[in-house]
Every structure is written in C-alpha cells, then in structure tokens.
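Right, one structure below, let's go through it.
Chains here go by letter, A, B, C and D, matching the order in which they are written, and residues are numbered from 1 within each.
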Amino acid sequence: MGITAAVAGASGYAGGELLRILAGHPEFEIGTLTAGSNAGAELGTLQPHLRPLAARVLAETTPETLAGHDVVFLALPHGQSGPLAERLGDDVLVVDCGADFRLRDAGDWAEFYGTPHAGTWPYGLPELPGQREALRGTRRIAVPGCYPTAVTLAMFPAFGAGLVEPDVVVVAASGTSGAGRSLKPHLLGSEVMGSMSPYGVGGVHRHTPEMTQNLSAVAGEPVTVSFTPTLAPMSRGILATCTAKVRPGVDHAAVRRAYGDAYDGETFVSLLPEGQWPATAMTLGANTAFVQVALDERAGRLVAVAAIDNLTKGTAGGAVQSANIALGLPEELGLTTIGVSP
Amino acid sequence: MGITAAVAGASGYAGGELLRILAGHPEFEIGTLTAGSNAGAELGTLQPHLRPLAARVLAETTPETLAGHDVVFLALPHGQSGPLAERLGDDVLVVDCGADFRLRDAGDWAEFYGTPHAGTWPYGLPELPGQREALRGTRRIAVPGCYPTAVTLAMFPAFGAGLVEPDVVVVAASGTSGAGRSLKPHLLGSEVMGSMSPYGVGGVHRHTPEMTQNLSAVAGEPVTVSFTPTLAPMSRGILATCTAKVRPGVDHAAVRRAYGDAYDGETFVSLLPEGQWPATAMTLGANTAFVQVALDERAGRLVAVAAIDNLTKGTAGGAVQSANIALGLPEELGLTTIGVSP
Amino acid sequence: MGITAAVAGASGYAGGELLRILAGHPEFEIGTLTAGSNAGAELGTLQPHLRPLAARVLAETTPETLAGHDVVFLALPHGQSGPLAERLGDDVLVVDCGADFRLRDAGDWAEFYGTPHAGTWPYGLPELPGQREALRGTRRIAVPGCYPTAVTLAMFPAFGAGLVEPDVVVVAASGTSGAGRSLKPHLLGSEVMGSMSPYGVGGVHRHTPEMTQNLSAVAGEPVTVSFTPTLAPMSRGILATCTAKVRPGVDHAAVRRAYGDAYDGETFVSLLPEGQWPATAMTLGANTAFVQVALDERAGRLVAVAAIDNLTKGTAGGAVQSANIALGLPEELGLTTIGVSP
Amino acid sequence: MGITAAVAGASGYAGGELLRILAGHPEFEIGTLTAGSNAGAELGTLQPHLRPLAARVLAETTPETLAGHDVVFLALPHGQSGPLAERLGDDVLVVDCGADFRLRDAGDWAEFYGTPHAGTWPYGLPELPGQREALRGTRRIAVPGCYPTAVTLAMFPAFGAGLVEPDVVVVAASGTSGAGRSLKPHLLGSEVMGSMSPYGVGGVHRHTPEMTQNLSAVAGEPVTVSFTPTLAPMSRGILATCTAKVRPGVDHAAVRRAYGDAYDGETFVSLLPEGQWPATAMTLGANTAFVQVALDERAGRLVAVAAIDNLTKGTAGGAVQSANIALGLPEELGLTTIGVSP
C-alpha cells in the first residue's frame, strides 16, 4: 500500500511536473487530480506526455475532492491555497507549490500580493541551514519560488560565511514555463523565440521579498536584493547570476571553502569544479541545482551562478524532496540528479 | 550483484543517453566507459549532466578495456563496431547502436556505406511482428537507426494489414542531436536556430535501405521509400510524416483497426486517440513513440505520423529495451514512458 | 507625393510585416491603420519594432476609415475581405492577404471554408506563367497563401515541363507566425519550443485546394495534392518538401532544364546551385524563395524543396511585389532579396 | 559612381552583416571581399543568404587585395587589424570592427588581450557626448564591441547626469552569433538550444575595460564594472541589464529627464515609453538600440536595460553609421530602424 497523493492544479505546468515525478516515485500512489476551468476533462487531452494517466478525469478543486489522501500537493494560483488548506486535516501532509505560506512578514505579503496573509509554513528548501530538520515530520510545507530557490542556493553560502556585503544584485533568466500556462500575448512562441526581454523590473517582482527573507536569515542582518528577471527563449530552466561586494580580506580560498562546506554531502546541489560553469540544459528534468562562484578582484565582487530546472528543483522536484523528508522517506526517493541532455 | 555494462563511445550524445538511462536502471551496474579522441578525460568535463559519473575517466575503446562485462553497449561511428564485436566473447551481450549489423543485404550496405559488410544481427525493434521473440536470449543486437524506428512504427501496421501500395513517401524532421556531436558548420547554434533545412535529399540518406528492409519484410513484397530528412531547430526529437496510397476498399475503420491491433498491449508505442496528433515534445527523454494515422480520401492516401525522442526510443532507450528482453528482464525495466514536458 | 496606402489588420503579424515593408518603400506613404479589437490602441504598444509608427492610433476597420487611399492592403481573417472590398472604390487597388478571393471553384471554397464564395481576383504570384501579365493594371489582387506560395514555386516547373505524374505529396514545416497572433494553447512558447508537430492532417488544411488549383492549371490536368503541414519551433519560415513520381524517360538534365528555365530572370526565386539546399534562415525578412530539386532514381521520384519567409514572400512581400506590378512600378521596389542571417 | 567599399573577413558573421547592409546602401559599391582560410571560395557557398553576391570569389586578406577602395571594413580576429591598417593609405577610410583600436589604455590592452597595443582610433559610438563630432571627417574608426555598445547606451545617461555611484553591475545575454562562426563544442545547436549559461565570469571578459573606459569618461571619475556575459538560445541579440546605486536625492523625474535628454533626437536609440521594456526581437536586423530605465527604491538602485542586435547596431550597422558620418553622408543612410519581428 503506497502513500496516496492528490494533486490540485493538475492541468498546469507545475501540476504536470508533479505528476511526472510522482508517477515514477516508488512510494506514492496517485489519487485524485483536480483542476479549475479544466475540471471534467481527461488528463490526456491536456498533458499528453503523461500517457499512463491519460484516462484520468479531472475533478474540481475542493476540500471534498482532495480529502482522503495522505498527501495533497497544491499547484494553484496564489491566494487559493490558504482557504483550501484550512479545510484539509492536520494529519494530511499539505505541500503548497504556491506563494501563500512562504513569507513570514505580513507587511511584505501585503505589499507584494495585496491579499490577506494566510500564514507561514515550514519552508521547503532543505539545503538551507537548519531547514532539513524543520521539515521532518511536518504536515505543512511551503515550496519555495523558483527564482528564490536558485538565488538562495547561489548566495547563502557567501552570507553564511560572512564573505559579502548585504547588498545583492540578481539578474536571472527563466524559461517560459515559469510563467505558467495562461494565454498571454507575450508568451506566444512567435514572441519568445529568438528574444530575450526583462519584466518586473525595478524591484516589483513578487519573488523579491522571499529572496530577501532567505538571505537575511542566513546573514543575520537585513539583506537588500535588486532583482531583475528576464524571459529566455527556452521552455525550462533558470540561470541566476548574483553578485555582491566582498568584505575586506576575503580571498579565493575562503570563497571556495564556504561553498564547498555548504554543499558537501548535498545530493541535489552540485558545486562544479573550478572553472566549469552551470548551464540550464544540465538540469532538464532533474532535481539538481548546479552552482559555481568566482571572485572578481577588479570589481571587488563575488559572482555566484545557479542553474536549475524551474519546474523540477524549482517547484515539483523540490516539493517531492521536502515531502520525502516530512514523511521520513529517503530524501532522494523518486528524484533523479541526471538531466536530459543535450 | 548487478549486471555489469560497459559503454563504448561515452563522450557522444548516444553514449551520454545510454549512461543517463543505465544510471537509473535497477539491474545494471555501469562499468568501463570508453571514448576515441576523448580518452583520458573525466566524463564530467564532457557530459556535465551525468553528475554522479563525473569523476569517471574515459578509457580507450579497445577489446581489452571492454572485456569482463556482461553487456557492452557500442555507440560508435559506423564501421567500428564490426571489428570490435568479433573480439568480444560470444557470451557477452553486445548491443550496437551503430549501423554495422542492421542491413541484411550486403549490396545495400555496399551502396550506402561503402565498406565491407560486417553481417546481420537480430534487429532491436521488439514491436515489429516476431521481433520480440527473436531478441530473447540473443547475445548480439543491432539497434535500429533513429529515423527507421519512427518510420517503421508509423507504417508497418498499414503494411501488415495490406492497406497500402508499396510506395511510401517519408519526410521527417530531426533535432540536431541526431547528427551527433561532431563540429560541422551547419550544426552551429547560429545556423540551426530559427531554421529548417533538408539534407540527404534524393534517396541518398543511409537510413533509407533500413526502412525499405523493415517495411518490405512486413509487406511481403518490395516496398519503395522516398525519404527526405530535415534538420529542425531543436535538440531532440523526430517527427516522421509518412504517406502511401490506400488500396481499393480500405476505409477508416480498417485503418484504425490495423493500428489498434498493432499497438494494443505495447508499452512503448502509443496510438493516440483519434484526432490527437503527436508532438516530439511529448517524448523528451521517454522511450515512447506516439503514433497517429488518418485517411485522406481526396488524395486517396493514408497519412501516418510518429514522434520519438531520437536519442531515447530512437537509440539508447531502444537499446536498453532490447537488452532487457535479451537478458530475460522485464522489457520496461529502467525505462520511462513519460516525457519531460513542456 | 507618394502613393497612399492603408493597412487593415495592422495589429497582426501580416499587418506588421506589411508596415515594415511599406515603411521602407520609396513610393508608398502609409495612411490609415486599422484593427479589430485593438482599435483605439497606439501601434507602439502592439508592434514595438515599428518604432517610427509607434504613435499611430489604430482606427476601426470600416469602409469609411479605409476610404481615400490609393491602395488598401487587407490583412484580415477570412470572410471579412469580401464585404469590405465591395465598398471600396473600383479605382482603389485592393490587395487581400486573406483567402477570400483565391479560389476559382466555389465548391472548393464551400467545402474548405463553409461561407459564401466572395469571388475570384487576379492571383498574386507573378512567377506563375502568365500571371505577371494578369496583374498589370489590375485593381484587385488575391495574395496567395503562404504554403501555396512555397509549394507552387517548388512544383510548377515540373508540371510545366510535363516531368511528373499529377499526384503530389507535400510535407511542409512552418514557423509559428503562420498561425497568427491569436491566443491558442498550442502556440504558447512553452509548447512549441523544442517540438515539431503536425496539424490539419488528412487533406483538411484550407490551403490544399489552392495548391491543387495552381498546379492543375500548369499541368493542364487535375493534380492531386496530399498536404501535411507541421509546426516548427521557429517564428518565421516555411520549408516545403514536395515529391511526385517522374514520368518515363525523365532524366536529371531535363529536370535541371525545367527549373532553370522557369526561374531564369526571376528576381525573387533563386534556384540554388546543384547540391546546395534551401534553409528557411536564408530568407528571413527577404522576399526570396529558394528552390532546389533532385531526382531519386531508386524511388522514381522528383523531390523539390522551397524555402520562404512565410510573412514576406509568403504574405506581405508577395503582396507588395504584386502591388508594384499592378501600379506599374518596378516589381522589386522596396523589397530586398537578402535575408537577415544568421 | 558610388563609394567603393572592401570587406575583409567576408565569410564570418560580422562580414556577412556588413555585406547585407552595404548591398542595400544607396552610396556604397561593394568591391573586394576577402577571407582567411576561406579565400578562393565563392561567397554563395558560405553566405547563401547574400544571393546577389553569390558568385563573388573571396580573395586573401592582404593590403594589396584591399587597396584601391574608398572604404575598407575590417571584420577580423583581434590582432590582425593593426598591421593591416598600417599598410592602407591615410586617405582610405578604415573601419575596424575588431578590438585592436578601441582601448586608450595600453595597460588594459596588455592585460586583456596580451598582444602589443596597436593604438587608439576615434570610437564609433556617435550617441556618446562629443563622439559624433569626433567622427566627422576621420579616416580611422574603431567600431565598439557589441556588449559595450549595449551597456554604454544603457548607462551613460545616468553617469552624464550624475545620478549613480561609479560601481555598475552588468549581466548581459547574447545570441550565439556574438561568438562568431568558429567551430567550438559549446556553440553546437544541440548544446545551446534550450540552455542559458554564463561565460567569462569574474571580470575576465575582454569587453570589460571598454565599458569601464566609456562610462568613466562620461562620469569624469573611474567607474568599476562587474560584467557577466551569458549565452542565450537565439542567434542574434543582446539584452544588457545594468544597475548602479543611485545618489542621494535622485528621484524618478530626474532619471527620466536624464534619459530623455540623452536620446531626444537620436535616430538609432529609442527610449521606450515608461513601463514598456525592450526585447531583443524588436531589433532584429535593425540599427536600433531600445533603452528603458527604472528606479528600484527599495534597493536604492537604478536599473537600465538596453536591447540591440549584436550584429547590426552592435557591429556592422554601427560601423556603417559611423562611416556615414565620417564620409559626410546622412547618418542614417542605408540603415533601417525597423526590426524583423516576430
């Protein structure tokens, strides 16, 4: 008897990726699948790559349809998880891939999301110091945003070791699946192929306070993040380039030591050998973050880069990794570290 | 104790895909990896996505380095497998992803490849009538070419049921990984992105006699194939569009019955529901072929389309599927049917 | 004083391409721009690449807003041009980029479009025998469809010289801009990047009767066309691969002669040197069709390939080329033969 | 009689783009074309999109073959222009698209390029204060690097108006054509499609001192630049995201005024309306830079973004623009501001 798992939002890209991973997970048994406007449809018409689940019919997303499972994965627009989660039992593991329970500061939430703050759940980034322990046995998990996953993994070792000033500049490129499956003109293939463009410029992207929260916690002081996301002509992947001024006396050896210590023993974060840089293609479909770091002595800056698959380590893979921990399963169960490449 | 497997040609795209699959296969243990000009290098510098194998050093491709394994996968340029295979023991399962042992007709071989014919091995396309049986217990497997895999799966049911004239037109689009990792100007990203182009036009592509051989065997008469491959701006995937004149009296129901019968019960070939057409993205990294067929009554033609991942079902996945059969393992072991999408 | 030109449908891709070309045309002066649901918007918000026209406000598409110009270009959904054109003066040159006036056979129109047949206008493919003359002085032009442009240019020389049987198989790949700017799930960047897929399979694509009409006229007998369009991961470009059985006695020299004769002296169709094959990237933004042909002696087939930019030679460039002829201007005015490459 | 122009390096991407522009320029007549290892080849085999020049045979790149022209455009690997230019007459306009004559500081040159410093020529970025005047009548032009073009246009107005601290962080994405046509594994289509990756991280990219030089000159004090280039899955285009801390008291109005003043009246730089952001696709084949800027009040930073076509405004278009000025022609002659989009 497996652990039964429901997926709410099964017709979207995050929901599809959850199902791809769950279908290959040796302990989970896929239960109810739900959707919003696509309720009633067969999954095969919407997610044709999920062939073994093609005949499944999507239910409506309600507490009732989601009831009776050991785990409920929520892949819903922000604002929907809060009310829904209240009606799911305390003994059910609820894993929210949305933003509702990520932020600790209600003011940040109000400023960036504009709706009432639902609360704060244990944050599903096990590689953060102390976080793996916080996830053991929990029945509520807030899965990190895709950009914050990449940025936090790129920069927290520098803050943990006190290497840099608390003022970070991040420019990140994301594949279009990060914008979801909604029909918007700028997401048409004709518009995105052959084109790079920024969006949410000037500190207004909703993932900004989440990065600030993570890095400030590690730094032990407020960290400022200037974040500019860009849309890249690819379906998946995030490449986050992050830089901050190094503190006096910080040298190459200190930098490598800090990152080496942070990721030594981590299955899902790979610090590359010196001189080798991440490419998002290395991560396709894998729950892996590749990280690399350099010291620019002329500019007096540390430059750290992380590459992830936004839907895997950046969403669904990260969700399953944290769920494994919460349930006492081996952390890497059902997750691969090898991307589909080239 | 796992089954030990060596991979010759581990620095190429087919070799990398073999390793990706073998690393997740519950019964295989990855042994020696070899390369040509890349011998001596660490795998991580060439195949960075294969993180768990990054420290492996590539040996030279010789009978000696490949000796002592239960299975040897060959992913080499054509002409190299023949001499090598002779020096590998008869009890070793040798799986050749190259062309050397695919063709039965030495004249075809001479005409299209120009070198002495190495021989003919059991053909690794289990879905072909009688072929699964031929693979059981064998110690030599010729993995089909990527295009012939797609074209044969698209068209053999039509020939098996006597629906069409023995004159097929095929136009297929392939991702660039099908051309391998060699440095050729027309394979540069700057050249291929945003561009479709044909190559090997006029019946000269080396996969043509292999298609003819497969379809003629099923038809029981000589089949002519007009084959035009095209290069598409994507890394992976083959979309093969195939058409032939229907014989008198063939109707829609007969067509659906033929294809339904051919693929009923097959794990790795999916006949889509009527009206839904394959896209190569459905197959990314999966050992799945999606097939669909229609009858064009005005033109009097059957049109069949197959989509595969050229490196998975079209090469490495197909190789492992056939190796599973040869070794008496469950055919689907270590292979997924779910692509990484979007 | 220039020739004044209005563009109806200026917010779409075809309309945008018309404006790009007209803005660089030495004789045209751009007048009223109209749109459907985008009426009232500034062009710069919809077509930001048309910087010099950014401040233009889109009018509604009505006979009144379009009145008072020497030329009216229509880039509208099919069915809209007919009623509109009736209300534009007979002395105005009306160039319809839509389908309304392309087909001569009302039965074909009814079968493929389902609405009343608006009529037939001179067909804007000057390279077709006799067609350049038919366009001189006309005040009504039906611009060919993008696929029929490519397919007709690839195959009419073979029919003109009696080289092939009247049974053609066409498989063509198109960039996504050919599907226009409408918001459909399968046109999202996340869906199309990295993917090839067919659509309109089985003889149902609306461009089929137009190909049949063109080739039958040249052949002097009914020609059957099996047409399968595919969607390619690129914004622009059509690659049409066409094949037909050669008649007895047709040899290589006859084939080259036929194509050489057909395109000798044509500015906008380039028969490539033997052995060099078209790529759509050669044509980006240019009013050029590249054509190449080969004889497959084993299969007894002629294979002809044409590459065009679907929005330029396939729509807006072809429209301007024909308008130039109608107005007595040099045919090549304002049109380039050099693509933007790589 | 036109102005005769030779192009050295005609088989590369920059050379091809020069020829595309020159072929449409009303005053230039294309003379000798030269190449390195491709000398002796017909241009049509290497640059098939340049159809009207297809029969031109490439000469060797020597002072003799380049002699006798009014203008010589050099599109050569760095280090080759210096010796060559010495042997071209002082009355010949020599326009170097390479790096040899860009840097004023010989120490910078030695550190980043490692060869003897050839000297410094007037810098071909007319939009920089005072630079247009410096180009009038000159017979030597150093065309800016593609990245420095984008970065300088994005940031110099901020320095000109004293808005920001002299410490800039730049992350820029480039299409693969920026890396030229050389055969390198990481430039294969299979590697770049679907992938973003950084390179030259840590302040080592050769364009860094050029950015520093330009911005320092405008700022009137030394400016530090942290520059991280990334490779994007597209053929053309640069998107440069630049940020610096704003000085106390700088507000939104001051920022817009500075950028408005800098680009008011410029043909080839377009400051977009507030809230609209550049995309590289807007610039394809056009000599246009699109610029936008925002103030991130939380982070205390100005964020400026520029998009260009690296081969047009970033190389060949910029070269022709400056050559026009040097020769006393209208600056915009032969150059379009409208990109090929979508």
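As a convention for this text, a residue touches a chain if its C-beta (ideal position, glycine included) is under 8 Å from a C-beta of that chain, and two chains touch if they have at least 3 such contacts.
Quantities reported herein were computed from a predicted structural model and do not represent experimental measurements.
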{"item": "Numbering shared by both copies at the subunit D-subunit C contact, with half separating same from different", "value": "same"}
{"item": "Far-end chain from subunit B, centres as C-alpha averages", "value": "D"}
{"item": "Magnitude of the superposing rotation for subunit B and subunit C (Cα, nearest 5°)", "value": "180"}
{"item": "Centre-to-centre distance between subunit B and subunit A (centres being mean Cα positions), rounded to whole Å", "value": "35"}
{"item": "Chain centre separation (subunit A, subunit C; CA means) in Å", "value": "45"}
{"item": "Per-residue multi-chain contacts in subunit C, two or more chains", "value": "13, 175, 177, 188, 190-191, 193-194, 233-236, 279, 281, 284, 342"}
{"item": "Sites on subunit C touched by subunit A in the complex", "value": "13, 175-177, 181, 183-185, 187-194, 233-235"}
{"item": "In the complex, subunit D residues that touch subunit A", "value": "167, 169, 171, 173, 175, 188, 190-191, 193-199, 201-203, 208, 224-226, 228, 230, 232-237, 239, 241, 243, 277-281, 284, 292, 294-301, 303, 305, 307, 342"}
{"item": "Complex interface listing, subunit A residues touching subunit B", "value": "13, 16, 20, 23-24, 44-45, 47-52, 177, 193-194, 235-236, 270, 272-273, 276, 279, 281-286, 288, 290, 336-342"}
